[in-house]
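Right, I'll just put the structure down here and ask away after.
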Amino acid sequence: MKNSQLLTKIFGSCRKPLLAISLGCVFIISNTSSAQEPVRIAFMDPLSGTFASIGNTGKTILEFAADYFYNSKGGILGGRMIEIVPLDNKQSPTETQLQFRRAISDDLHIIFQGNSSAVASTLSQTISRHNRRNPEQEVLQINYSAVDPILTEDNCSFWHFRFDAHANMKLDILTDFIAADEDIKSMYIIGQDYSFGQVVSDTTTRLLNEKRPDIEIVGNEFHPIGQVKDFTPYVTKIVSSGADAVITGNFGADMVSLARSIIDSGLDIPIYTFYAAYDGITATLGESGKDRIRLVHNGVANPLPTEARKQFNRDFKIAHPNSDVTQPRIVNALQMVVTAMEKTQSTDPYAIALALEDMRFTTMGGEEIWMRGEDHQIFQQLSVSVHTDEGVEFDADNSGFGLVTEYQVPMEETILESSCQMRRPRR
Amino acid sequence: MLEVLIFATLNGLVTGFLLFMLASGLTLIFSMMGVLNFAHASFYMLGAYFAYSLSLYFGFWTGLIFAPIVVGVLGAMVERYGLRRVHQSGHVAELVFTFGLAFLIEESIQFFWGRDTKNYQTPELLDFPLFTLLGQEFSAYRGFMMTISIGIFIGLYYVLTKSRVGIIIQAAITHPQTVSNLGHNVPLIFMGVFGMGTALAGLAGVIAGPVLTTFPGMATVLGSIVFVIVVIGGLGSLAGAFIASLLIGLLQSYAIASDVGMPDLLNLLGVSFERGHPLNDLWTMNLPQIAPVLPYLLLVLVLIFRPTGLMGKREE
Amino acid sequence: MAILSLVDVKKNFGITEIIRGVSLDIVEGEKHAIIGPNGAGKSTLFHLISGRYNVTAGNIRFKEEHIENKPPYEIARMGLARSFQVTNIFSRMSVFENIRCALFWSMDYGYSFWHLLGRQTELNDAAMHVLEQIGLTDKAKFPSGELAYAQQRALELGIAIASGAELIMLDEPVAGMSHSEAQNTVELIRKITEGKTLIMVEHDMNIVFDVADRISVLVYGEIIATDSPENIRANPKVQEAYLGEVPSA
Amino acid sequence: MALLKNSSIWIAFLVTLLGLPLVFDSILAISIMNQIAIAIVFALSYNMLLGQGGMLSFGHAVYFGLGGFLSVHALILIEFETMVFSILWIPLIGGVFGLLAGVFIGSFSTHKAGTVFAMISLGIGELIAASSLIFSSFFGGEAGISGDRTFGPTFFGFDFAQNIEIYYVAAVWAFIATVFMYLFTQTPAGRMANAVRDNPERAEFVGYSSRKVRFISFCASGLFAGIAGGLFALNYEFITEENLNAATSGRVLLMAYIGGLGYFIGPIIGAVVLTLMNSLLSNYSELWMLYLGIMFLLTVMFLPRGFAGFFMMHQLAWIRGNMKMLIKPYIITGIPAVLFAVCVIALIEMSHTEDEVFHYLALELNPASPITWIVLLGIAGGAFYAVKRSLLQLNDAWETANAIPKEEEA
């Protein structure tokens, strides 16, 4: 963290501006190069604690993208730099509240947040409440990763934009892919016992019933999140159920442990997942998971579609050899937000929100994506990719393994109806 | 169904034996020094990480031998330079110390090894199915885990009952005061036992790391369960700890393997509720869902009805 | 009239019999001493009477009421107070607080959480009075755990007598004291047990014969004699129990 | 009398609580002060158990959390006009429910203190935390439940939309709760709690059932923890499972312990220090939890009676007018100690950074150059040596400052 920031925070809260300035001038020399005030964007995700690696990767990508596309090219809005302000919410709803107040205190009005739907919905509620009570001081939530459908359906908010496909959209694609596989006659669903796990379970059951009524759901299991030492007992049940495939929404250590236990038991069936790559997972699965683990995600994996996209990955890798571009949607989100700023020549969240509605934008991957105005949900192409080491130009965790896209669905085919009835603020 | 039962038993035993490796050290420490070592599972985690690092350069087997030693030495140092100092301030202080130590170890591990899951693999030598029963493999590595654990149990039993040191330790468990009056160097014994106990925990970590995933949360997952075992087993009783370990290992394994839940019970009673019922969560609860909390339920029940634990010989 | 009567009281620990059928009547107002060699079961007998241990068999009546197997606090509330052989005080509280805690129940405060202690003049005066009696007035605010040994013993006595119990049981009140300290303590005991019933376990025979009206001799869990000091001194069974050694006068 | 004598401290406390927003008025500051007010009540309620009653609990968050959940449900009921009353009374609802939970759980868990009690509290804590995820219609799963405090009758025109308004509510409640918790220590039940903590056996021989004494403390502690939970609900307008799980229980233990268990003011100090660290430090370093862990261990090892105990250690020297003698040795030891800490932190942070230039205080360090490392290590080593040397002098000064003056001895 930069020292000038640190000092202004300390002294800013002490109401001793003179002292702060006199002490702070030492550092200002090195830090204030441009005369214009930067555009400050908050990045709120876990930066310490158990889930920190995901949050830190996201932060790195966002910072890199801001420098890569804008700051190195003279900034935005006529020469203003983008400054990313990290806020550590430890992936806890309570801490999110605290950090939100810090954001308000620091005059931050655009918050990027992605991890955990529980956090996202807390933040969305908090922001709605805050914006209602403090007109002219509104805050915008840029959700780049939380996939609980409810955020753009029943609980949709004018101040919330989602730049990732939600779970039902992803499952729609994933079940299409599964349905196309004639060998699969039975399916085992296992997931963490919380809202996303339940969404995966309910939706999979419903969709498979529609698409392939002959596929039998031979198991539908929930386990407590982050508390299972050993998944072998669960795998025993999977084996004895005779399932032809497993689908899970697990993430983090629960994902790795489950996959490892399935592989160790000698069970040779495909595993369909959401979060089984990067942040050490790809490296840990390694050879044993090859050609067996498939993920549904937005955009495409290897081969990357355009040279611009490839170049971005290469340049990122040079700057951060130990990280990967895990979530290109962060880049899309930033680019769209900046486009909205440029279009309105403003950093006012209300103006940006209006400009984002129904925006169509061409990503560096060359595809056109659409932010639907009625529920603030992004639509873009979705893919199913496999964990392998063949044909992997850009690997994950420097392991030689990575994702290769097997199945792609264009944006138009991913569109689902929404039950959102948005309360729009009046100005 | 039969293979589920067999594998549930095997899995339960693997977990149970693993838990015993942790619980045996903890129960020795707890009984002799009165310290409920909250950081015990953290030493288990340290074992896994050290072994992972060693295995990168020297292979799995070197890690298996040296990682527990490193952990044991570290544990002995913690006793010598930390706990012994805190000892003067009483048991609560000691407990709070280990509580903070657990926290610090977890943070340090994230500092040195990062927060990612580590790619700690089973050795190739053991990378084959030991046997296949009704379509399911039982990996040789799990067999190896069981062998090591049983070996440790037998070794521990032998040392504690047959050797001179063992007899002093046994005496110190049940009558700590008397032993110090007899002129034995109690601080040295304490340090030794603490080192031994943490080394055992480290060994458990080494062999569990590859199958249970090496990640910074692995201590938390196991931490309080080991506590529960020691208390259920009874203060000062290694046999109690052994029985409680297996009991909890099997209990959890069977609970997950079973498919019964409240709906079955309600069917049996001929009662049914609508989905909208306010207590719907209760009526749809099933055993696998609550498997991880069963040990705590058992703990509370045991403590209420038999505060000395299953095999405990003395109260505090 | 017997204020306390034991009928065939027995206590086993596992298979070991510690008290093997003790029957004893304590007359109201008397000063009664229990003597006997080490390991005779004197402290165990005290624990049985005061409720710390449950009896294996037999019964104990205090003021005509059965008290065997009652919890200590119920017995204490009936007016039976005791001290301990090993100092047993509230070590992290001040001397004054120690005494005040011993007074609460007898002054009808119960488990009150609505009386503010600062305002209870009568209670505080009573506590100060006890401190005066045991000579610790100037140490009132001192942490009791840091008192000198003799002062802790005095406090131990103070806690026992504070509630104004009718029957006071003292377990080796002068153990470990120097001669002059012991003399002071005896004076103190005499003073504070004025008009009350006292049962005392003591090894120092000078004190026993000095204070006691009657003496019981406990040997291997049985009372072999209960009589006046003179008769006890002359009792051959007693002499034998003390290995032929006549208790020196 | 005693009340009057102390009333100046209480007035000062109230004035500080109410006056702070005038000094620190940023949104962040208000938010932190809100947290502090809640933490003070919570930590003090924990101290009723451990500090006053000798009961080590690993599940105290249960009462905080249950109180909080009931309070949020009450907010929801107010919002839908099932109940109509001012949200000012919400903490009381939390308190009553905390009390009920305390009565129920205390009825079987206060039988013994020590390890048995500690383990039961751990088990109960885990059970309730786990059930809170299973019974998601009441607890709202991992996202928790949320309400809105601006409904219900207004209070002199305040609708409590702003955090500053809630801060005043929290401050007044925190003050009232603190006064009552202090007064509790001044009652027979409070004193007997100390007595049972010190010596449960002897307490029985002065007429008190130690179980019942513990039970009363336990219920009172549940009541105040519930009030803290209610304040939390008012402040954040939501509550989740994480507010009744083991992490929250652990945090309150740290607060009370670091502050100093034996002193009434200890937990207050602990609550302030930990909350500040939690909310300020975390934004300056990713490694703040590491520092917190180190600080915590050092406190347990070197200040076993907490910060309050450290201050109280100087009471004697203060009374004897010898504080002056300590100032110089403190400075002499303090400077190298701070220097040592600064260097160690620099080393830790530097080994963790990916940047080419590492900004630290007024310096720009180059992590790639071995010279930086050697210099820092050298300074740290030197400082450590200086601390070790000067500690001896500090010790001497301490002895002299606390020595009994000649005339007093005579």
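We call the chains A, B, C and D, going by the order they appear; numbering starts again at 1 in every chain.
Throughout what follows, a contact is a pair of C-beta atoms (placed from the backbone, for glycine too) under 8 Å apart; a residue touches a chain by one contact, two chains touch by 3 or more.
Worth saying up front: this structure is predicted, and the values here are computed from it rather than measured.
Trainee: Among the other chains, which touch subunit C and subunit D together?
Mentor: The shared contacts of subunit C and subunit D amount to nothing, since no chain touches both.
Trainee: In whole angstrom, how far does the Cα centroid of subunit A sit from the Cα centroid of subunit B?
Mentor: 36
Trainee: CA centre of subunit B versus CA centre of subunit C: separation in Å?
Mentor: Centres of subunit B and subunit C (C-alpha means) sit 48 Å apart.
Trainee: Let me have the rounded angstrom distance from the C-alpha centre of subunit B over to the C-alpha centre of subunit D, please.
Mentor: 31
Trainee: List, in ascending order, every residue of subunit A touching at least 2 other chains.
Mentor: In subunit A, the residues touching two or more other chains are 52, 193, 224.
Trainee: Got the subunit D residues that touch at least 2 other chains?
Mentor: 130, 134, 287, 289
Trainee: Of all residues in subunit C, which are in touch with two or more distinct other chains?
Mentor: none
Trainee: Please give all chain pairs that are in touch with each other.
Mentor: Touching chain pairs, listed by label, are A-B, A-D, B-D, C-D.
Trainee: What does subunit B use to touch subunit D in their complex?
Mentor: For subunit B paired with subunit D, touching residues are 36, 82, 85-86, 88-89, 92-93, 95-97, 99-101, 103-104, 107-108, 110-111, 224, 227-228, 231, 235, 278, 280-282, 285, 289-290, 292-293, 296-297, 299-300, 303-304, 307, 316.
Trainee: Which residues of subunit B touch subunit A in their complex?
Mentor: Against subunit A, the touching part of subunit B is residues 1, 3-4, 7-8, 11-12, 14-15, 110, 114-119, 121, 129, 132, 134-137, 139, 141-142, 211-213, 215-218, 221-222, 225, 252-253, 256-257, 288-289, 292-293.
Trainee: Which bits of subunit D are touching subunit C when the two form their complex?
Mentor: These residues of subunit D touch subunit C: 1-3, 183-184, 186-192, 194-195, 197-199, 201-209, 212-213, 216, 220, 262.
Trainee: Using the touch rule from the top, collect the residues of subunit D that touch subunit B in their complex.
Mentor: 50, 56, 108-109, 111-112, 114-116, 118-120, 122-124, 126-127, 130-131, 134-138, 246, 250, 253-254, 257, 261, 287, 289-290, 292-294, 296-297, 300-301, 304-305, 348, 352
Trainee: Hey, which residues of subunit C end up touching subunit D in the complex?
Mentor: Within the complex, subunit C touches subunit D at residues 50-52, 71-73, 76-77, 81-82, 84, 88-93, 97-98, 100-102, 104-106, 109-119, 159, 162-163.
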